[in-house]
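Two complexes, one shared chain (chain A), two partners (chain B, chain C).
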Partner chain A sequence: MIDLQGFSVAVDADPARLILDHVDLQVGRGARVGIVGESGCGKSTLLRGLTGLPGAGLHVADGALSVAGYDLVGMPAAERRALLGKVVAMVPQGVALSLTPHRDIASHFADVFQLDDARGDVPGRAASLLDEVGLRGAAMVGRFPHELSGGEQQRVLIALGLARDPDVLLLDEPTSALDVGVAHDILGLIEDEHRARGFTLVCVSHDLGVIRRVAEHVVVMNAGRVVEQGPLERVTAHPTNPFTVRLLEAAPTLGAISTAPSNRSPLVRVDRLTVVRSSASSGAFRSQTQRTTTALDDVTFEVRKGEILGVIGESGSGKSTFLKSLCGLLEVSSGSLTLGDEVDLSVRVRRRPGSVLQRIQMVFQNPDDSLNPAHTVRRVLSAGRPRSEVDDDQLAELLRTVGLQRSMLDRRSPQLSGGEKQRVAIARALAQRPELLLLDEVTSALDVTVQAEVLDTLRAIHRDLGTTMVFVSHDIAVVASMAERIVVLRNGRLVEVGEVADVLDRPNDHYTSMLVELARRR
Partner chain B sequence: MSIAWQLLRRAAVALLLFAAMACLTFLAVEALPGDACTSLLGRAATENKLEQCREENGLNEPVVARMVDWGCGAVQGDLGYSIKRDAPVTEIIAPRLRNSLVLAGVAGLLAFPAAVVLGLYSAQRRGSRRAKLLDTASLVMMTLPEFVTAAVLWLVFSIWLPILPAVAVLPSDATIGEILPTIWLPAITLAVMVFAHVMRSMRSSVVATSARPFVEAARYRGLPERAVLLRHVLPAALPPAVNVMAVTAAWLLTGTFVVEVVFNFPGLGRLAVDAISDRDTALILALTLFGLAVFILSSFISDTITRLLDPRVRAGVGA
Partner chain C sequence: MRRRFVIGKILGALSTLVFVVVFNFFLFRVVNDDPINSMFRGRNLTPEQLDRLRVKFNLDGTKWEQFVAYVRQLLHGDLGYSLKSSRPVSTVIAEAIWPTILLVGTSTLLAMLGIALGYRAGWRRGSTFDATATSVSMLTYSMPEYWIGMVALGVFAAGLGWFPVGGLNDPGSTLTGLERILDQLHHMILPATVLAVAYIGEYMIVARSAMIDTSREDYLQLARAKGLREADVRKRHAQPNALLPVVSLSAINFGFVLSGAIAVESIFSWPGIGQQTQFAIAGPDFPMLQGLFLLISAAVILANLAADLLYGYLDPRVAGR
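Let's turn to the complex of A and B:
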């Protein structure tokens, strides 16, 4: 069905730079292929390239591509366009605003139906397609993208891809940024559709778990080349390429679990904590409808001195709200939050004395947002202290703790890789010698191999400095590999809290058991 | 909250803002050295005559009383009386307001449609030779002072090809038919600048929108380029350009005195310059408030259009 030979894609502005370097790929009719690799490896470009259009600013430099007998590289642009959606259909990432915000769902389908010049009942046909992908189609057609959840948007995009019954369906990260339960359902839908319609499936993901679910043939990419490909079982069980080995080893699995030493004294007491958040913005002359949500509802547990406490939950579970309340960024509505024996943490950050601020430090999810790109690493790490007090040796020591070289001091964040940025952010937090380190999804923006390295660094810091950590993540496998105890939150309520081994082996709640079940399958 | 209610609320805010600015303007004019009587009497002013003039025109009343008095009049359409020109302010302004509206209208019609279309074109074909030429030209047009543009236009249309009159020699109350032939050169001068601003904002807005994922997604669905552009890019790219159009439209009505002076066009701009040099307080006040109203109204209109283009606001989901 797909025959790719010596396929190369180069940058328009710099034709010597190859994003794809002589890729060969043969896919049979009805096959399921997964392409896996880290960010920047060229996997998305390869997927786009299968339509003959590698994307803005890129061009096919070399090689041949034949899909369903059509030579997609050689043919004129207009002919190729006519085949898009009919022979090859692309399903873009749902969460990345791939639906046009000012057009309702029916108009999206109308666009596509028009291409076959089939007039008639657009809403009806759209609705039946949407029913097929598990949405209530009749109710959905009149809605706008912003009224849909991430999972619903992804389903609509799949339905749009299927609208003209293509021979080949291309899926780009179909589950990224979706909650595990939702992602599980989407993958189920893809499997069902493949069985029912028999199209050829090519799916790109950074997540081996996704590839394992949908693919039977796996292609591993690194730096624009295919480093290994073969049947899924063979590649995952007996990888031959060192990069594949690294990728497989880095993927978090529910494996070794550390146990918590007992009788530690509590560092933070969370007692019947309730946080009500209002989503209305305030302005002098503007008043909006106040929408309030109870982000945390009567939650009680404790963070013990010297432990790593894992907090897990999906979006909207209240895990970020908990961290923000600890930092004093959100108002505590009722209940209490105490640090040590005496310090009341329901006080907002502006009213907290410096000594309290310094005891709690936070590392944010995305270092691109939390590091000022204009500041050198030296300035980032010495923030808050006068220049005369800043000693390069101290800073170098700090960098060493997070596994970076002294030579990094003069760099700025755009000159650093994703993993290095996050290490700098961790070092910045450590510079204050905090008692409590809050880690908010610190590895979710990182590639798996980089994630594994950063997690190792955090473990080393915990071992050497004994800093108490609260580790928040949506990925139960990552949390389980880090934490000694675990807190599960859902819809602002505490589902359960306990030692990791207990929670994983004997979950008290069906929600926890679902999370564990899904993580085990990967 | 429904869109109608939102608009009503914003209209109320705009009105309140206008009232506050009106008071401020009144006090600012009051704070200027001299008043209508010193300017009317000029060198002939003696203490006695001044006192008498002020008495006759009620200038001895306390500031606040005069302000309230003036405000009440303004609400009923009476903008006061120009002592210097010996006529009601409304009568002085009316014909010139009409002239200015016609001038702004012609300039806007020349500039806006062309700017939107060429902005779209230049964004779509960026990197091509024509698009580059257009960009450079717009940059030159934007920076060219009005009097230079005017001089070039005179040279071409009044001297080399004498088809258009260089200046207007008309009373302010001439009929529109009489004004139209003289309006082309000032209108083109204004249009040049307005076109450049709107085209450039349109261009950058289209470029930014084209980079958004939903545009690529539409393209990969196999839609023809025209459909992608008109249905997916344009509605999302318009709001910033609409804002620029609103601001430039307001400028066309209030900021045109250089052009009016250069072409001797009987519009509001020249009147404002004269009013200030004459210390004609009633007239200054009326013209300032007119400018204020134009700016508040134009931002209200552009805000409304922007909101109507966004389904999130249309559906009444906050904003």
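Let's turn to the complex of A and C:
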């Protein structure tokens, strides 16, 4: 069905730079292929290349591509357009960004149907496709993208891909922006559709768990090349390429679990904490439409001195709200939050004395957003301290703690890789010598191998400095590998709290057991 | 939800207007407590005559009484009397408003050609067309309109003699009907072109950057992957989203259509609101200025209201649907 030989894609501006370097790939009719690799390895370019259009600023430099017997690269653009969606259909990445915001769902389908010159009853046909992917189609067609949840949008994108009954369906990171449970359902839908329609499936993901679910044949890519490919079982059980080995080892799994010493005293007491957040809408005369949500509802637990406490939950569970109230970015509505024996943390950050501010530091999810791109690393690390007190030796020592070189001091964040940026962000927090380090999804924007390195760095910091950490993540495997105790939040309520081993082995709640079950399957 | 959005916007605009009325009134009272005294200083007027003038211009009584009287007059469409000409402000404005709408409205519409240029340039970023259009736009955008006006006047009117040097009609013109209209158009070409040249760069630059932002969106990739022609991708998926910043800009500019173009109207002796504003400032003619300010504010508020409502229509997320 798909035959790629020596397929190469180069950058228009610099034809010597190959994004894809002589890729060979043969896929039979009805097969399920998974392409896995880290960001920048060329996996998305390869997927787009299969439509004959590698993307803006790129061109096919070499090699042959044949999909269902068509040479999609060589043919005139108009002919290729007629085949898109029919021979090969793409389900793009980026749930919240891939549907045009000003057009309703039906008109997204109208674009596709018009290509067959059979417009007919667009809403009706769209609705039956949407029914097929598990949505209530009739109610969905008149809605706009922003009214849909992430999972619903992903289903719409899949239905759009299926609209012209393609021979080949290409999926780009179909679950990367979704909560674990929703992702599970989407993967189930993909499996069902494949069984029912018998198309050839090519799925790209950075997550081996996703590939394990949907693929029978796996292709491992690194730096624009295919480094290894073969049947899923063979590649995951007996990888031959060192990169594949590294990728498999770095993937977080529910493995070794540390146990907590029991005699630790509490550092932060969370007592019946409730935080009500309002989404204030702008404009005059609209106070009546202001919506409030209880982001944290009557939550009680404690953070013990010197531990790593893992906090897990899906989006909307209140995990970020908890961190933000700890560092004073959100108003506590009721209940109490105490640091040590004396300090009241229900006070907003503006009114906290400097000594309290210094004791709690936070590292945010995305270092691209939290580091000012105009500031050098030196300036980031010495912020908040008088210039006379800061010398490069201290800062170099700080960088060494997070595994970076002294030479980084004069760089700015755009000159750093994702992992380096997050290390700088961690070093910035450590510069204040905090007692409590808050880590909000600090590795979820990173590749798995980089994630593994950053997690190792955090473990080393915990071992050497004994800093108490609150580690928030949606990935239970990552949390379990870091934390000693674990807090599970859902819809703002505390589902359970306890030692990692207890929670994993004897979950009290069906939500926790689902998370554990899904993580075990990977 | 949708009705609430519309009502909210209308109420918001009305309250801004009320604020403007109040502010506009007291601003001029703070600036000059007794304009009659300063206007007629040194003239031989008895205190009784001055008092009569104060009554005529609604300047007697306490500030509060004056304000109530002002609002009452306003509700009847009465803006008071011009200090200079002693004619009702509303009459002067009514005479000046049509020439201004004709001139500035036409040039604003002409300048909106810049939107099409900007879209094209932004869609093909880095092309020769983009480079040319962008640099020409930057050039015209950076030239002040009075300067373009003077040069145009010097070259095309005084020098080459292709166009009249100013006015709406030639002085003492006896033309009627179609000839009169054609003559007015002939008079308008130069000032309208000057204004359009001065405005077009702004539209072009804003439209271009809006289009560049939109052209990076993922949903365009999906539209292409669905097999849409490039022209359809642009027309259906990109352009409507790139419209939002352009709508805001157009709204502000359309609001200012009524304010006239002070510099260009003065240079070309165009009998519009801009020229009247210049006269009133030179006076200073406070009732006239007060009336003009109110007119301009109201126009800007209305144009922004229109833009807000249009926004809600163009982008379903805004109206909270």
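Note that the second predicted complex is superposed on the first by the 512 of 522 C-alpha atoms of A that agree within 3 Å, B and C clash if a C-alpha of one lies under 4 Å from a C-alpha of the other, contacts with A are read in each partner's own complex, and residues count from 1 in each chain.
Going forward, a contact is a pair of C-beta atoms (placed from the backbone, for glycine too) under 8 Å apart; a residue touches a chain by one contact, two chains touch by 3 or more.
No experiment lies behind these values; they were computed from the predicted model shown.
Peer 1: Here chain A is shared; do chain B and chain C fit on it together or clash?
Peer 2: Pair status: clash.
Peer 1: A:Leu99 contacts which: chain B (first), chain C (second), both, neither?
Peer 2: Once the two structures are laid over each other on A, A:Leu99 reaches both partners.
Peer 1: For A:Ser8, using the defined touch cut-off, is the partner it touches chain B, chain C, both, or neither? Pick first, second, both or neither.
Peer 2: neither
Peer 1: If we overlay the two complexes on their shared chain A, which of chain B and chain C does A:Gln153 touch? Say first, second, both or neither.
Peer 2: neither
Peer 1: Applying the document's definition of touch, where does A:Phe144 land relative to chain B and chain C: first, second, both, or neither?
Peer 2: both
Peer 1: Name the residues of chain A shared by its contacts with chain B and its contacts with chain C.
Peer 2: After superposing on chain A, chain A residues 48, 51, 53, 55, 81-86, 89-90, 92-93, 97-104, 111-112, 115, 144, 146-147, 157, 160, 281, 285, 289 contact both chain B and chain C.
Peer 1: Residue numbers of chain A touching chain C in their complex, please.
Peer 2: 48, 51, 53, 55, 78, 81-86, 89-90, 92-94, 97-104, 111-112, 115, 144, 146-147, 157, 160, 281, 283-286, 289
Peer 1: Touching chain B in the complex: which residues of chain A?
Peer 2: Its residues touching chain B are 48, 51, 53, 55-56, 81-86, 89-90, 92-93, 96-104, 107, 111-112, 115, 144, 146-147, 157, 160, 164, 279-281, 285, 288-289, 291.
Peer 1: Enumerate the contact residues on chain B facing chain A in the complex.
Peer 2: 1, 9, 13, 211-224, 227, 231-232, 235-236, 309-312, 315, 317-319
Peer 1: In the complex formed with chain A, which residues of chain C make contact?
Peer 2: Touch residues, chain C against chain A: 4, 7-9, 11-12, 15, 217-219, 221-229, 232, 236-237, 240-241, 314-317, 320-321.
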